[in-house]
Every structure is written in C-alpha cells, then in structure tokens.
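In what follows, chain A forms one complex with chain B and a second complex with chain C.
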Partner chain A sequence: MTLAYQKLIDSIVKGNEDSAAEETQGLLNGGAEPMQIINGGLIPGMAIVSEKYEKKEYYLPQMMLSADAFYAAFVLLKPLISADQIGGKGTIMIGVVEGDIHDIGKNLVKTVLEANGFSIIDMGRDVPIEDYVDKVRELKPDILMLSTLMTPTMVNMQRVIDGLKEEGVREKVKVIIGGGPVSLPFAHKIGADNYADNEKEAVKLASQASAARG
Partner chain B sequence: MAEKMSPMERVVAALTFKEPDRVPVALYFQSGVQHQLKKLDYTWEEALSHPRKLFNIIEPQYTYYGADNFFLPVDFRVEGEAFGSTITYKLKAGEGFRIGIVTDWVIKEPSDLDKLTIPDPYKSGRMPIILETISMLARKYPEVPIVGFLNGPPDTVSDMRQGHYTRLFKDIAGKPEFTHKMLDLAVKCSIAFANAMVKEGACAIATVEGGFVDEVISPAQYAEFVAPYHQKIKEGISVPYIYHQCENATPFFDSIAAVKPACIAFHDSVDLKWAKETYGKDIALAGNVGVSKAGTPLLDGSPADVMEAARRCIEIGKPGSGFLLSAGCEVHHMVPEANILALVEAAKKYGKY
Partner chain C sequence: MTVLGILTCEVLEEEISYLLLREKEFIKINIISSEHSSGIAERLSSDARTSVLQDLAEFQPSPGPGMEVIVEVLNVGLHMVKKELQDGVFTNIRKLREVCDGLLLGYGLCGNSLEYLEEEIKDVPIPVVMPTNPNGSRIDDCVCMVLGETQEYLKEVKKEAGTWFVTPGWVKHWDTLLLKELGAKDIKTVKWIFDKAHYSRALKINTEGCYDKQVYAAGAKAFADTFNFRLDEREGSLQILVAALDRAKNLARQKGG
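Then we have the complex of A and B:
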C-alpha cells in the first residue's frame, strides 16, 4: 500500500474531513481509479472504525467524525463512478419511521452499508408510512431497513409492513428492522424478515441477502 | 383500608433508609399523560401551555393511578425552549396527538453561545406555567411529594445546539472545550429552574439522562461530559436529587454513585440485585420493571405479568429500606392504564414492611 492510501485510511480513522478530501483528491490527481480509492482507502478505513467501535475503543462521537471524513472523500468519487460499480451488492432503502426523529443510528448504518458497496436510498426521519410503501413500489429496493429509537413508534414498523402487503409488494423486498426497543422476536411478530442489533449485523444480513439473490 | 403513612412520609422513609409502611411507588409520567389528554380532550400544546390544564393532567398521577409522587414537567423541551429554541407541536404521537419537538435552535454557530444568558425561570418559555402548577399541587396535596424534573444537561444542550445530538456528539469528539462551555450554561439554567421549582413546592429534583447511554459514549466520556454536570446540579440545590439513567447504566454506575444522589433510578437492563448489593446500602434505588422494550411487562404484559415482575423487584429491593418501586424508564403513552395500576397494586400487596 502506498503512503497516500495509508494517509487516507488514517484520515478516516481519525475523523479528519479536510485531510480525507485532500488525500482523495491527491490520489485522483495522481491517476488512481475511483473504485481503487474506495477499495483501497475508504472501505479499509471504515472497517478499522467499525472494529474499534466493536472493541469499545470508539463510541458514537468518534464514529460520527469518521463517517463525516468518509463522506468528504466519497462525494468526490461518487460522480466518477457508474451506478452498477457503486451499488454492486444491491439497493437498500433506509429510514426512521413516522413519529421518530432520532436518526443517528440510521445514519451510521447507512454509512457502513455504503462503505461496503451497497447503493442507498435514504428516506430520512419521521417518514410517513405511505411514503415507504410508495417508494418501495416505485424504486424497487432489494432491502428496506426501518429504524426507531422510541418505544411508541415501534408500531409504525408494523404499519409499513402492513402497507407493503396491502399494495402487493411485501414479497418483493426484504425488511430488516433495528433500533433500541426492538428485537428479533418483535421482528418476527410484525412480519419483518430480520432484526439487526448494530451496523455490523446490518451489513452481514444485507450481504447474505445479496449473496442469496446471486 | 387507610394506609399508615402518607406518600410524603413513605418516600422520605425510603430515601433515608428508615422503614416505611410499604415500598413506595415512584413514577416518571411523561408521555403517559396522553391517557389524560384523551379523557380531557386537550392537545399536547394546550395541556402544556396553561397551569390549570397542566394541573389537570398531573393530578391523576396520585389521585387515579396511586403513585406516591407527582412528577412534572412531563416533556423534555422546557429548558431548551427557555433559552430561546422554538418548539413546534408537529411530531405524531399516535391517536391523533402531536408532541413538541425543537424546530429552530438558539445556537446556530458557536459564537451564538456567548449571546445567551441564564433564563429567568419566572419569565422564560413554559417555566412560569410549570412553577404555577407546582404551587397549585403543593397547596392542594401537601402530603404528596412533588418531584420537579430537569432534563439531563446533554439533553438540554441538544435542544440548544442546531444539529441536535448529531452535532453534539461531533462537538464532544472535535470541540471538547466548546461542549463544556455549553454544558456549563445549561446547568446554570437547570439549577435556577430547580430552585424555583423547590421554592414553589417541589421537594425533590429528578433528572433523566436519556441521550448519553451505554452504547453511545464511553465511561471515560461519561465521566468527563455527563456526571460532573449532575454533580453541579446536586450541589446547587437543597433537596434530594434523583438521578435516572436510561438504558444500561451498569458501565456508568460508579460515576453516578460518585455524584452521591439521594436515589438512583434505572432501566431493567441493570441487574437490580447487583445494584442493591454494590450501591444500595448508601444510596436509595428506584426501579426497574421493564417498560421501554418490546416484550417488557409494563408495555406488552398483562397486569398479572406486571405484578409478578414488580414482586421480584420488591423481593430484591425492599430489605433494609432504601428502595422505591418504579418503571425502568418513563411511563409512556403505549403503557396500558391497567398495567400502571397493577404496578401500584403490587407495592401494596408485596411491599409491606
């Protein structure tokens, strides 16, 4: 690995937006291919960040600075890459359910999925049930990931799934849920396909679904 | 049959490790008052904007549910609003209700912090309404402890700083000195508001540390950015300080205990037996019947399930006094009323000394 790639990885691990952008631009100027920069810098950088989070060396404050550094680099590369290159593993629609504005967990999961080659449709937070149903029908994602941090809004996960069933699109999309108050038994109870406890688990489940699709 | 002690006598006995007639029930009613909004045909905005209406939704905590305390305010936005952030009642909360969220923050740039002053609790935001309601409750129910609620210091900052928690987390990692400055100002507001609540009749102050939980920040960050600010509040008031930590408080318990609050209240993910044995000889404990996760007794169980979970808590917490039966977190609006009543019933049935 060249020093420039190591510097890019370090910038992401340390959460330094400016130097992540500078190193990325430097690599591009030097003739590196965008996908090469993603695979050699961005993905390994975020993998180290995830590992540190798992080992409890990093917590959310550091994770979020690293996510910013990742995006500072990624925005320079994204326009240069074709859609089939970037989202090679499939498309994931992700959002926080209606009635809940807590989106930190959702944003972290989104970052790590994006760093792992998934194409993301970010629905945002406090998203009406009907919007999920309409957009699933229109954009046909492979997976829908729903998040909530609050107990009272868990019920809206069920309502989204019910809406997908009523519109006849439930069987066309995998539904994975996550967030503080929910669990695997709850996922089964409301008719979701699975539950992810953290960002790593979300990537694992999404990758398994991607492999199963071939 | 009339009980031997008033709620005030019972709670004071429990907090001071004397023997009460039975285990008291301390409840943190927050969005759980939505049951009352429905009965009284109030919106959230109406109920929080008038002392008489606020009184009407708080009073049943004791008169209907039978808790050994009143708890107010019942939303988290009071301090941020007092500083000048704008609340809009737009977030759906089920059954047609919409709760308030911050939609415009008073600190947009770091330089905005220097323009802020400590809000006067008798003039700022909804604080005067809360103070008048406390005064009304104290006059009518002198035998029931009124617990004044303060937002946890980081929660208050997240209501002041544009970008909410997302921004605050990055500030912690990237701008620690600025974060401390915001927390310092937030705590000065908390102390002023707490002392005004005490002046009007609150006899304890409780806080809920809801945003900074175990999977979010490290014990070292907690010891730097959270616990010292609770210490300042505790030192700034003259009444018992009740410290609730959301989610799994286990990694933070040493920091919380070092604050020396009168009582620590915690979630059902904390092992009550461990907490009782490790900390419960010096500090009263309140907990911890599950309420906030799918499948927990208060949320998804029957009244019999609640009674059984409460019985197990009482069995561990009651010996030696210093224990209040409580939900593991706020009583929110998805908790059936029958389950709230069952929790209180359990204290009467299983909690006698």
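Then we have the complex of A and C:
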C-alpha cells in the first residue's frame, strides 16, 4: 500500500473531512481509478472505524466524524464512476420507519453500500408505511432495508411488510432490517428476510442477495 | 411475613418513592444503601417505616404477619450496553430471590435488553413482575411507562418524530446520561450530534410522582434551552407501575403464604 492510501485511511479513521478530500483528490490527480481509491482507501478505513466501534474504542461522535470524512471523499469519486460500477450490484431502498428520526446509522449503511457498488434509493427518516409500499411497487428495488432505534416503532417494520403483502409485492423484494433493538428472531417473526447488525453485515447480506440474483 | 423486592433503575426514583409512600400495606420499607438509592432514601426519610440497610445480608424479616419491602436501586444508563443491563438485573434478581417472595422490576424492555428475561431467570423460583401495557405486552421503557402505554408514545412521535421525552429522572441525570450514552466529551459535542439527529421538541411528562414540580419544570426548561428544543408538556400516568406493584404484591403473597 502506498503512503497516499495510508494517509487516506488515516484521515477516515481520524474523521478528518478536509484531509480525506485532499488525499482523494491527490490520488485522482496521480491517475488512480475511483474504484481503486474506494477499495484501497475508503472501505479499509471504514472497516477500521467499525472495528474500533465494536471494541468500544470509538463511540458515536468518532463514528459520525469518520462517516463524514468517508462521504467527503466519496462525493469526489461518485461522479467519476461509471453507471455499471455504481449500481452494478442492484438497487437498495433504505429508510427509517415511521415515528423514528434516528438516521445516523441508516446514513452510514447507505454510504457504505453505495461505495460497494449498490444503487441507493434513500427514503429518509420517519417515513410513512404507505410511502414504502408505494415506492417499492413503483421503483422495484431489489432490497428494502428498514431501520429503527426504538422498540415502540419496531411494530412499523411489521406494518411495512404487511403492506407489501397486501399490495402483492412482498415476494418481489428482499427485506433486511436493522437497528439497536432489532434481532434475527424478530426479523423472522415479522416475515423479513434477514437482519443486519452493522454496515459490514448489511453489505455482506446485500452482496449475497445480489449474487443469488445472478 | 411476606417480603416483596423491588429492583429498579435510578431513573424511576421519584415514581417508586411515590408508590412506596402511598402504599400503606408495607409495614416496613428496607432500602439497600448505595449512591444510587440515596434519592429514594431521602424521599422516604420522613416515613417511620423506612430503614436503610448497608447491604442485603443485614436484612432480617420482621416477625408476624403482613408485608414488607426491600428496595435495590441500580444506576441509570445501564441500558446503553445491553450486557451491562442484563448482568445488573439478572445478578440482583438472584441475590434478592434469597430473601424475597416476589419481585417487581422497575424496568421495561429497555432497548430489548430484557427481551429474554423469562428464559434467563427460569431457575428463579419466585415470581418476577415486569410492568406491562394495559394489553399485557411488556412495556418498552421508562418513557412509555410514565406515558401510560406504548400507544401514547406512538401517538406523540406520529405528531412529531423528533421528540425527546423528559421525565423527572431524565431531568436529574440527563447530562451524565447523554455524555455516557453518546460517548461525547462535552455538551457541545452532544449538541453537534443532536443537530444531525433532527430533534426539535422536548416533551415534559407530568405525573403524580413526588418530585418538586418547580425544580422539575426548571430542569426541563434548562434541558430544552440547552439544545434549542421547543418545550411542550402533557399528562402522564403511573397506572402501569401501580398495576405492576399490585400484581407483584399478590404473587408474593401467594408465594409467601
């Protein structure tokens, strides 16, 4: 690994937006390919951040700063990536369920999925149940990812899935859920396909689903 | 003598104090001394039934018929790490079972940390009561508990999802809780996170707990002002806790004979 890539990784780990953008621009000026920068700098950087978070060396503020640095670099690369590279693995619709505004985790998952080659439809936060149902029918994503941080609003994940069933579109989309109080048994209970504990797991599950589609 | 245990989070100290003061059936109220139980001990200090024990080993059941209570208070913020809350609650349930005929928990699901409570304590031979919604489902947390039921929480977030719920316990502990929960080094960092998290309203929940209403109002306003939230208020209810205490008393009585 070159020093420039190590500096980009360090910028993301330290959550330094300006430095992450500068290092990315420097790599581009030096002739590096955008996907090479994503795979050699952005994703390894964020993997270190996730590991630190899991080990409780990092907390939410550090995670958020690193996600900002990641995004500052990614926005420079995104326009330069060809359509087949950026959305080549399929389309994911992602959002926080009705009654919940906690979208920091969702935004992190979204950014990392995008950097991993998925096309993203971001529904935002506190999204009414019928909006998910309407947009799944209209935009036909491959995967719907739903998130909540609060136990009372977990019921709205069930309602979205029930809505998809009522509209006859449940079988056309994989549903993956996530968020602090959510678990795999809960996913099974409400009829979701799977549960992701963090952004790495979300990428893994989405990639598996993509590979299964062929 | 029937012995009822109450194992509660410090965040409910005002509500639990209120219930204990109004509950005349208890002939004695034993509080296990700790820095976390000092609030309840202070609230109950003028009640002649109150006795502060240095630890559980000091407890001797009163002779004769009737019911007495032992109160153990755990620190706020355990819910931030599921394992910490589980360890704290399960360990203390097992300690209290040695001397109690039944237990009331001052906890809800708490971010689903206690989702598998029954399985975890299936070896515990006394009834353990967790507060429930009127429909029998377990209550989510201290906010839903004092709102009267989970449906009330959902109604409020339907009105405004960016609502931060304020209770007397929150007013007392919010700075500690936020700094610890978010891993933030100072309130400025918390503000930065809150700006990104889209909160807009603080909702003060009023119940008949024994808190000083002026201190509570001033604390709620200080919290809202710190983060530039609009401050609203609404009535809550202690009915869930009252019902849970009644249930725990009945089960303990049956167990204790």
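Methods note: the second predicted complex is superposed on the first by the 213 of 214 C-alpha atoms of A that agree within 3 Å, B and C clash if a C-alpha of one lies under 4 Å from a C-alpha of the other, contacts with A are read in each partner's own complex, and residues count from 1 in each chain.
Keep in mind that, in the parts below, a residue touches a chain if its C-beta (ideal position, glycine included) is under 8 Å from a C-beta of that chain, and two chains touch if they have at least 3 such contacts.
All values reported here derive from a predicted model rather than from experimental measurement.
In this overlay on chain A, chain B clashes with chain C. In the superposition on chain A, A:G88 makes contact with neither chain B nor chain C. When the shared chain is aligned, chain B and chain C each come close enough to touch A:D126. By the document's definition of touching, of the two partners only chain B reaches A:G15; chain C does not. On chain A, the surface touched by chain B in one complex and the surface touched by chain C in the other have residues 59-62, 64, 98-99, 101-104, 126, 151-152, 155, 180-183 in common.
Those residues of chain A lying in contact with chain B across their complex are 15, 56, 59-62, 64-65, 68, 98-99, 101-104, 107, 126, 151-152, 154-155, 180-183, 185-186, 189.
Against chain C, in their complex, chain A makes its touches with residues 58-62, 64, 98-104, 125-126, 150-153, 155, 180-183.
Interface residues of chain B facing chain A in the complex, by the touch rule stated above, are 31, 91-94, 101, 164-166, 169-170, 172-174, 215-218, 221, 247, 291-295, 299, 332-334. Residues 109, 111-112, 115, 140-141, 144, 150, 153-154, 157-158, 161-162, 182-185, 189, 192-193, 196-199 of chain C are the ones that touch chain A when the two sit in their complex.
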